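For reference, chains read A, B, C and D in written order, and residue numbers begin at 1 within each chain.
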Amino acid sequence: TSDKRIALSNNYAGNSWRQAMLQSWDKVTKQAVADGVVAAADAFTTAENQATEQAAQIQNMILEGYDAIVLNAASPTALNGAVKEACDAGIVVVSFDGIVTEPCAYRIAVDFKEMGRMQVEYLAGRLPEGGNLLEIRGLAGVFVDDEISAGIHAGVEQFPQFKIVGSVHGDWAQDVAQKAVAGILPSLPDIVGVVTQGGDGYGAAQAIAAAGREMPIIIMGNRQDELKWWKEARDANGYETVSVSIAPGVSTLAFWVAQQVLDGQKVPQDLTVPFLQINQADLDAALATTPEGGVANVEYTLEDAKKVIAGAM
Amino acid sequence: MRRDPRILLPVLSLALLLAAVFWVQPRAMSYFGINLLFNLAVPIALATIAQMFIIMVEDVDLSTGTFVSFVACVTATFLVETPLLGSAILVGAILVYAALGALIHARQLPAIVVTLGMSFVWGGLAVLILPAPGGAPPDWIRWLMTSKPPLVPMAIVASVLIAAVTHLLVMRSAFGTLLRGVGGNARSVARAGWNVTWLKAAAYGLAGLFGVLAGMSLVGLTTSADANIALRYTLLAIAGVILGGGEFTGGRVSPVGAVIGALTLTLAGSFLSFLKLSPDWQIGAQGAILILVLAARLILRRGRAAA
Amino acid sequence: MTLLSKPWIWAYLAAALTFVPTAMLSQGVGGAWELVLAALTFAAFSVLVGLGQMLVITMGPGNIDLSIPATMTLAGTLSLKYMDGAAGTGAAGLAVALAVGLACGAGNYLLIRLLRIPPIIATLAASFLYQSLAIWSNRGLRIKPPAWLADFATGAALGVPNVAVVAGLLAVLFWVLLERSVYGRWLSAIGQNQRAARLAGVPVDLVRMATYLISAVMAALCGFLLSCFSGGAALNMGAEYLLISIAVVVIGGSSIAGGNSNVPGIWGASLFLFLIVSMLNSYGLGAGVRLIMTGVIIIAIVAVASGSRRAS
Amino acid sequence: MGEAVSAQSGVAGPPPAAAALVELAAVRKHFGAVRALDGVSLAIRPGECLGLVGHNGAGKSTLVSLLNGGLEPTEGTIRFAGLEGPGAARRAGVRTVFQELSLCPNLTVAENLRIPDHDLAGPGWRRRARAAVRESLAQVFPGHRIDPDDTVADLTLAERQMAEIAIGFASGTIPARLVILDEPTSSLDAAIAEQLLAHIRRFCARGGAVIFISHLLGEVLSVASRIVVMRDGLITDERPAGAFTRQGLVAAMGHVGSVAVAAVRPGPQAASGEVTVETPEGIRARRGEVVGLAGLAGHGQAEALKRLYLGRVSGWQASRTPAAVFVAGDRVRDGLMPLWSVRRNLTLSRLVALARAGLVDRAAERSLAEDWRSRIGIRTADTADPILSLSGGNQQKVLFARALATDAPLVVMDDPMRGVDVGTKAEVHAMIRAEAGRGRTFLWYSTETEETCLCDRVFVFRNGRISAELTGAEITEERILEASFEMKEVRP
């Protein structure tokens, strides 16, 4: 595939997760280009997080004549028109994280529902008698938000000793989450746990500390500041929790999958990647490898990709 | 002589940009290429026209984007499942727009606040209709938006049509002239015995109508909708009106210019992605190109003043 | 002149109206006080950007600063990167943030003035550049603020949150500036009729530049405090302040047509915007309903406020 | 009283005799405590040209708004050829040219006809509008240079006023029967104004009626068939035009004494003071001199003044003593701050000097405003009143006061007496002379030759260039007119 050109279509770059994703892509694909595995692997980001803009971006990639497009989609369905056009033009489309439903595309999906459900399961293990939960959601109207939230609610159904007494939208932005939590806290009864969508744990902890409440179990989202806060709390009073999110490096997995498809390998349309979970025991190791202010990450190699593909066959 | 050459500037900047795009990406110079470059401009052009009707009466609409998103959600759900109810909702939305225009004038409310408030309302309704992305367009819209007329791509046909119809409506018809008069000097229109409240309602109603068309055509292209799908259109549409030679005050607008402005903005994005900049700077480059296009406007204007 | 005829009173009434039902849900007096503190804290950030935006909006139609979020992000990012969490760098960090604000403001005005671009578009375009700069400079890594700065931003003096004290003092300063100073007069004149202002000897260029500088510096200050408050600068941290900065100005009773502005209303509107979200969250309403209610209430406030203004 | 009764019962009965176009019966109009009109009865019949005069704030424009249907009377009735109620004025063929220009600047001249003519619509309306406007322009202002397709914003002030007048007289679906002209000649030069007067005479001879409001009494005397004098909201005198003399008219308006044009010729120091102004066009002025710019309207005088002013006063700094101040003639566009009070409008140019440590000294501000209110006779109860509640002429006085209240050595005036009544004019002339005597230089563009003749030195403009420089005894109406029209008459 040394003459093939691959493009990354990304819809958002405004948070640390996406920045880490772009960096992983850059690192791995640069090496791949240098090794002559592919001819080019260019990354494109739209200025605003909008399906329409990303659709235009994909159309431009078609015009540019890329052989494959690796895609983190702003919407699972709104890009189907553009993706279909790309497929029709003979382009391989591999979507990851934000996947698309268009059947001709490949999907590297994260089980967001499971990511939500397992948070409640973890809490059930820690607090068998249950209690009240606060849910921090993402951006209303976005697929990921809806999925994780659905998973959390499924978890609460499974473990009926828990009750969600408050739910706020943090828009996946630290400051918004902190503000929303601070606003709802006064009206909440005692809460035993905070279920999140990733990265909002630190803000929630700040708000709860400011209100002088007892610290509930906050599910973390693999951000370095969260891990650090967790470590400090653990060292101080043995605080225990779990951290879960997807690794931004999943973009590199998508890259290798695209490369495999271009190479003529048989690849199933639907692949799954596990999310990256950090338990109490892994905390120190994870913190050591996570850059200051960054996100816990793993990058994938060609071998990893082959394993994932083989596993799905 | 003392005729307005304001349409010249948008045309020139579009031509310049198009030349640049063809230069970096010659493959774009084809039926297929032009269609890809411009088809997403059609809903933007319609939204820009909607915004233009509001700017024409000296107001600004901060809800264009959420309104188009709302319409898209309705189009992708109700209009497919229960076409009658769907149409009724859309007509109702246009009437709401008209009523807002009347309210804004009758009670002398600042349009920017009312439309800001409405942007929350439309956004909330959209989230209620579609909590997660989904839906599908009615077949006829999909067919219309993907049809391939001979010789000239659909995007161009549609743009020309939009420009021509709105030009006739706004610049040529007696009614359009009256509406522009409201923007130019509402006091004297009122003194001449017109009911300015009605006229404002009409301008807003037209904006609503074109917003509805924008949302419907958008779903035709994207094949599904979500509550955030067109948030960007608010600023894009304002920028389009200004790029097209419009001004915020005095009822000075140009429908043809607005459509060209929308095309220019769409093209600017494509031009950038053909340049393959580092991802760090891709966002900044969008700003830079906006500045360049507007600076070109200034240079052209200078040239004219010197001549 | 009765209290009811003040255009800003409605923002406070609305804030009170949203406070009471929320406080009723809360756990006793302590809970209500907690809500007050939270409201003061978070409203302070809105006040900071709102004050700057108000000056810009006072200059009349077409004048809006859309670069506030990007300026906040850039100032927060650069200043925290400069301090790198080290002790004893607080003043220098603040200086860096304010310098970023000055630079952004100067950039905005340069585009507006030299290229004669309408301010809405100029600040929008510039904001993309600032955002890119922020990404390029730190790639979204969240660097922690020095400990004492973080403590200051989250702390309180005599029970009042420090950030609220800062925003309160600045609001007083802005009130004096607008109501009593020559600059305020000039600004108002420009907002009413820029051409006539120039012919009456108002230094229009100076005032306009100063205004864009002030707006950007306020955004930078807000970005600095916010990133100290929330434990680091994030690339998307200013996003919601775009609409908020405009909303607090107009809900606060300033005339959007320019030439007339209103400082007390900014505080009222900022409190209201925080409290309404709290109220709707506390009552467990979903995002859709929450958005709709917010919109309807905003419209209702201006409708009532303008009705009473005309009646008086 | 009897009239009011018949007006009420007249709705059902036949229209009253002599078919008056408009009839006002005991009409009052109050704005809060201000009694703008305090019981006015008036009838206008076809073929008549009614001259309406009165001091600034006498209530003339208020009367116009009532006649036009724009305002509802507080008391009393108005009937239009037997019709009453909203839209009656328009249906009766009443057309109005307002004191403040009221065209839509973003439309073309022809398109502006659409605003007053409600029935102008349907296919070909633009062609019809163009034809009607072109015909009317040719009739009223033969030799004009306005194209019906010109955008109004691109016209000079005089051209805009001409266009608006032409639209007032243009043929429409409802023909014009009564045309109300509120200070129509205020920005026209003498030659164009004469064309208008001639047209009014023709129009009335054909059976049309005109209400003509002006502070230029010569015009009123020469065109009106009947003159009505107003004072403080009341009609104080009403006679056929022949029965008035200029002096009599002035007396009837309530101005006593020195209204006669008193041209105090330059003091000795004026001729010898140092040259303080010198422009590329060739305008020169000395310290203490009153220099006039003359010529037909729109020949570059206003532009030259603006260039000069903007060149001297930077947009980047302000000082206690500005290098120059400007008095605007087009007050809505160039002068007023519409949201402000009279006081704030008045003190705007002197703010730096009124401030201490950047803050405005409000006591000093109030006393400055009060001082000028009485000095220049601004008719308002309180300087805290909004500027827009003042009559047009009084607003103009505020702008005057704004400029004179500074210590600027150069005062640039762009047709500043527009709409100012005779009495005040004389006072302002005297004030200008006194200030010049104290060393200020005045640059004064005026559309009234009579005023230009008061200057020490006059530059006549033609086609954007100076065609003559006149001084002292050379300054006569004939010389100015000559130089306005003849290019060869360069420099004596």
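Everything below uses one rule, namely that a contact is a pair of C-beta atoms (placed from the backbone, for glycine too) under 8 Å apart; a residue touches a chain by one contact, two chains touch by 3 or more.
Quantities reported herein were computed from a predicted structural model and do not represent experimental measurements.
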Chain whose Cα centroid lies at the greatest distance from that of chain C: D
Centroid spacing, where centroids are CA-atom means, of chain A and chain B in whole angstrom: 34
Rounded Å distance between chain B and chain C, as computed from the means of their C-alpha atoms: 29
Mean-CA-position distance for chain D and chain A (Å): 71
Inter-chain centre distance, chain C versus chain D - centres from mean C-alpha coordinates, in Å: 45
Overlap residues in chain B, where contacts from two or more other chains coincide: 126-127, 131, 282-283, 286
Residues of chain C engaged with two or more neighbouring chains: 128, 131, 135, 139, 255, 287-288, 291
Pairwise touch network: line, ring, star, complete, or other: other
Parts of chain D lying in touch with chain C, wherever the complex brings them together: 306, 309-310, 313-318, 322, 325-326, 328, 333-340, 344, 348-349, 351-352, 355, 358-360, 362, 402, 406
Of chain C, residues touching chain B in the complex: 61-62, 66, 111, 115-118, 120-122, 124-129, 131-133, 135-136, 139, 243, 246-247, 250-251, 255-257, 286-299, 302-303, 306-307, 310
Residue ranges of chain B in contact with chain C within the complex: 58, 60, 62, 103, 107-114, 116-128, 131, 235, 238-239, 242-243, 247-249, 280-288, 290-291, 294-295, 298, 301
Chain B - residues contacting chain D, complex: 1-4, 172, 174-175, 177-178, 180-181, 183-185, 187-194, 250-252
Of chain A, residues touching chain C in the complex: 13-16, 18-20, 23, 47, 137, 140-141, 166-169, 171-176, 178-180, 182-189, 202-203, 206, 210-212, 223-225, 291-294
